[in-house]
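One chain, chain A, appears in both complexes that follow, with chain B as partner in the first and chain C in the second.
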Partner chain A sequence: MALLKREEWQGFVRDVDWSYSYVDDSAVFPEWHCGTGKVPREAWSAWEEDYKVSYPEYVATQREKEASAYAVKSALQRSTTFDHLDEGWKSATKMHFGGVALVEYAAVLAELKMARFGLNGAWRNMATFGQLDELRHAQITTFFGHEFIGKDAQYDWTQKAFHTNDWVLISLRNLFDGMMIAPNVVDLAIELPLTFETGFTNLQFVALASDALESGDVNFANMISSIQTDEARHSQQGGPTLEILVEHDPVRAQWVIDKAFWGSARAFAALTGPAMDYYTPLEHRKQSYREFMEEWIIDQFVHTIEEYGLKKPWYWDEFMRGLDIWHHGLQMGLWYWRPTLWWRPKAGVSKDERAWLAEKYPNWEKVFGDKWDVLIDNVNANNLEATLPETLPWLCSTCHLPACNATQSRDGTWRVRDWSLQYDGRTYHFCTNGCRQIFWKDRDNVNHQTLIDRFLAGQIQPMDVGGILGYMGLTPDVMGDDPDYEAWTKDYVGRPVEGISLAAQS
Partner chain B sequence: MTQELGAQDLAPQLVPLNAIFATDFVQILVPVTTANTMQEVAAAVAHHVEGRRVRAQPFEKVVIHNGKRLPADMTVAAAGIKPLDHIAVEYDIPEQS
Partner chain C sequence: MKNPVGPVLSMCDEVEQVIAAIEDDNPGTDIEVIDRGAYVRVQGENEITVTQQTLRRYLGADFEIRSFETMMTAFNGRAITTSDAITWQSVGLRKAEKKAATS
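Here is the complex of A and B:
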């Protein structure tokens, strides 16, 4: 018997949009989960995707991917590759494992929500594969990262990080709860598959795989490439959803995409920015973070939104200016508050590295060089105490990252400015105008409390550095420290010094 | 009718502030009290930054709140600075002649 062609059977097995006779459609697809809004219910019948994978095909392909990823892992486990990896690269992987492993699990829940409440059979079918993908990603990321515990206790945070109240994790949980757990499926498909996965992670994973190979970490490159092939497929849920939403409610489409892009960009500035411009050894850097964002994220994002008849977000100028500032400020914050990290942040400001930074970012020396110079002079005066925090950085009420984004005045001076608002009887502070605007528009959402909110509410006891580190789950064996102070300070030994911490001078 | 107590008669209350010191790269949490003078507030903010990330300069420091430079001997209560308010601390650099 000849096999049927795909187009002859696909509709039977996939497009199961029955008419209900015992209940209303709204009982099966309630608005608060489905979020059709101004889009007529029947408009979703046009939802279509190009992959059209069947379940047997899916299983066969995934089986091959898994076998191949684990074969490479098993072969490399017997080698000494890991022992020769650069500390900066290891830090990038620790950050990735801890920050990503259980975000993949949150994505399982997001895909499951679309698999149940998606407004078209084809969409629900694709999300069913999507949740299986994300389950695999959660497992493979957790397993690959966790096995290094024997060599380095910080890899314990592959599993642990997401369960702690570390400020980096509070920021990520806030972002991904907003993007994956809270929204209805229409908003979700635009925020997660379209903006975050198509816009950011697809490309981030390609770049990260290439960085991993450059750094000699074949195992990581292999894992990340395996994950990326799934992302390329299930991220396609965003396009058809956006197409239908834009037709009926372009204002909502623009807002959802604007908000998701901003949140993703803030998180990328905190994690990808420092990894690319400071942790990666100079000889392995191919592109600066700004160049990477411009080539791989921005061009593609602008092309996508224009293709759907949308405009660049209202904050575009602020975002573009931020490409020269955000991640450098966050790098300094991550380094200064290094005991709060589960990796060893490199400072990355030796003379050669600074020359590279100044070439890529012409304002870098003016905005950040002076502060690094004081830190360097304190290290060289053996006053490490002055390079360690005694209070908290102020954390933004929207992105939960430190408020550390200097902007330039007309007179040329750079200052970190206050972006605040009053709401419901209290004052909120933000790192940027964009974060303030998003908070205001979303002000009645349930937002996570920032670490500052928790501290001032007395949830963190004792109210000192030790209490804060304990609250975040940091233990002495894991607490971050600079991997090699001499590497970036020795160029400056012996230079005339003034205006550093008094304790060092006495 | 009872006489109202002035700010100076009340027990000092904790006032956590969002503060930025001069050219520093980040806003920080700095707790002060209603009884602290602006000179003390400036010193409390500077403690976390001056000589640590921003080079110490031999000038007086001035507290700026809602765009206004506040006198060194004015208290937090008298200045009307409330919990969670933003303040900036700057060096009072004399204009060059």
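Here is the complex of A and C:
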């Protein structure tokens, strides 16, 4: 029996935007969830997805994806592949598992919100598939990470991380609560499917798969690639939403993209940047973080938003300069505050690695080299204590990451500067001008308290390093440390010591 | 390429055949292939298409076009899916076509 083609019947089952007779439309689609704003309600009737899929097709295709991902996993489970992976690469996966597993669950809630409050039947239909996708991602990520707990307790943070008050997680919760949980569905569709999933997730799920495969982690490469095939589809809720919003309220469309783009760029600098440029073994790096950003974000994503009639964000120059700075500063911060991490951050600054960094980032030696030299000399003088933190870094009130971005002054020197503003009786400090501007424009938003705010308010007791680590949920078996000090310091053994390390040793 | 569009394919056994099918279905378009190991970008200017019919020639008579999704980790442009084909189109071209259709 010949089946009808999808095009011949999909409209009947999908387009269920009937007129209500017992209640008002606004009771079913309240503004605070739907956020139509200046867009006339009827304008949403033009919402149409290009990437169409029916439920039977969806189920059959998802079954194939799951079967394939789990087949690879069970084949590799019996091998010794995992035991031979580089510690740096394992750290990239631990960071991914802990940082991502429950964000996928938050994305389930976001898709469910669009599946209920989306302003067109076609949109709600796509979001229904989207929430099933995200449920799969939450499950597959948690399950794949769980496998390794017996071998390494840090993998326990796959499921645990998001339930703790670790500073990395507070930062991610702050970003994703703002992007996925709080917004109305119009803003949500622009922030999550369009900006985050069409743009940034490709870095962590497609580009990083290249490094994974090169590093021999076929299982991980396969899992993240499988996840991203779902994202490629449901991220298409963004385009039709943006088209309608740009037509009626381009100022809002631009602001929503600008804000989500900046927040994503900061988070990816902290996580994907170090994973690509420091944790992935040198011989396995496909491209630098900057090159991947150029490919996926600068070329592809920016081209897309310009085609929709929007501009590059106002902070573009600051963002572009940050591509050479942010993730290197954050890498140094992650390494220095390593007891606060659930992975083993690799320093990645042996002579060969530094030569690679200097080739990819011409200013690297000038801005970061001498700071690493101090750490190296202290390690080589057996003075590890001097390389461990005794104080806390200032955390930015917008992105919650350490304020550690060097900028160049007119006289050529590089300094980490403080961007601050006064609001509601207190002074807020920020890592960048962009974070400061976003905070001010969005100041009525509910912002999480940074770990430092909590510390200063006396919420963390006792007020010492032990108290802080305890508050963050870190136990000695999980606490991060460098996996191999010798690997990156042995090149420099015996060289004359100068500067701060000399002072520290005397 | 000014407006490159097309799929980003994940590593799988079928990549070469899929590229061949895309080349067959777009005889007048230069198809650029960028291989990054775990993923391969396949792109053409403004618009490219691949049909179930051609894919079946390369991948077997039982290949369903919906399964293309299992190989496509990302794409550039808008992806338009029908029962017989997938077309990737630049946003600009898509907008112009929609406008022409409504006027």
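Throughout what follows, the second predicted complex is superposed on the first by the 496 of 506 C-alpha atoms of A that agree within 3 Å, B and C clash if a C-alpha of one lies under 4 Å from a C-alpha of the other, contacts with A are read in each partner's own complex, and residues count from 1 in each chain.
By definition in this document, contacts are C-beta pairs under 8 Å (C-beta built on N, C-alpha and C of every residue); 3 or more make two chains touch, one makes a residue touch a chain.
Computed from a prediction, not measured in an experiment: that's the story for all the values here.
S.K.: Record, for the superposition on chain A, whether partners chain B and chain C clash or fit.
M.R.: fit
S.K.: Just chain B (first), just chain C (second), both, or neither: which does A:391 touch?
M.R.: first
S.K.: If we overlay the two complexes on their shared chain A, which of chain B and chain C does A:6 touch? Say first, second, both or neither.
M.R.: Touch partner of A:6: chain C, not chain B.
S.K.: Looking at the overlay, does A:51 come into contact with chain B only (first), chain C only (second), both, or neither?
M.R.: Only chain C; A:51 stays clear of chain B.
S.K.: With the two complexes superposed on chain A, say which partner A:232 touches: chain B (first), chain C (second), both, or neither.
M.R.: After superposing on A, A:232 lies in contact with chain C but is clear of chain B.
S.K.: State whether A:498 touches chain B only (first), chain C only (second), both chains, or neither.
M.R.: Touch partner of A:498: chain B, not chain C.
S.K.: What is the C-alpha-centre angle with chain A at the apex and chain B, chain C at the ends, nearest 10 degrees?
M.R.: In the superposed model, the angle at chain A is 150 degrees.
S.K.: Which partner chains sit in contact with A:213 here, chain B, chain C, both or neither? Use first/second/both/neither.
M.R.: second
S.K.: In whole Å, how close do chain B and chain C get at the C-alpha level once superposed?
M.R.: Minimum over all C-alpha pairs of chain B and chain C: 34 Å.
S.K.: Jot down the residues of chain A that show up as touching in both complexes, chain B in one and chain C in the other.
M.R.: Touching chain B and chain C on chain A: no residues.
S.K.: Flag every residue of chain B that touches chain A in the complex, lowest number first.
M.R.: 16, 18, 20, 23-30, 47-48, 51-57, 82, 84-86, 88
S.K.: Quick check on the complex: what are the chain C residues that touch chain A?
M.R.: Within the complex, chain C touches chain A at residues 3, 8, 10-11, 36-39, 64, 66-67, 69-76, 78-84, 90-92, 94-95.
S.K.: Show me the residue ranges of chain A that touch chain C in the complex, using the header's touch definition.
M.R.: Residues of chain A touching chain C: 5-7, 50-53, 57, 60-61, 64-65, 68, 202, 205-207, 209-210, 212-214, 221, 225-226, 228-229, 231-233, 236, 239, 243, 286-287, 300, 303-304, 307-308.
S.K.: Help me check something: in the complex, which residues belonging to chain A touch chain B?
M.R.: Residues 329, 332-333, 336, 367-368, 370-371, 373-375, 378, 386-387, 389-394, 402-404, 406, 413-416, 418, 420, 426-427, 429, 452, 455-456, 498-502, 504.
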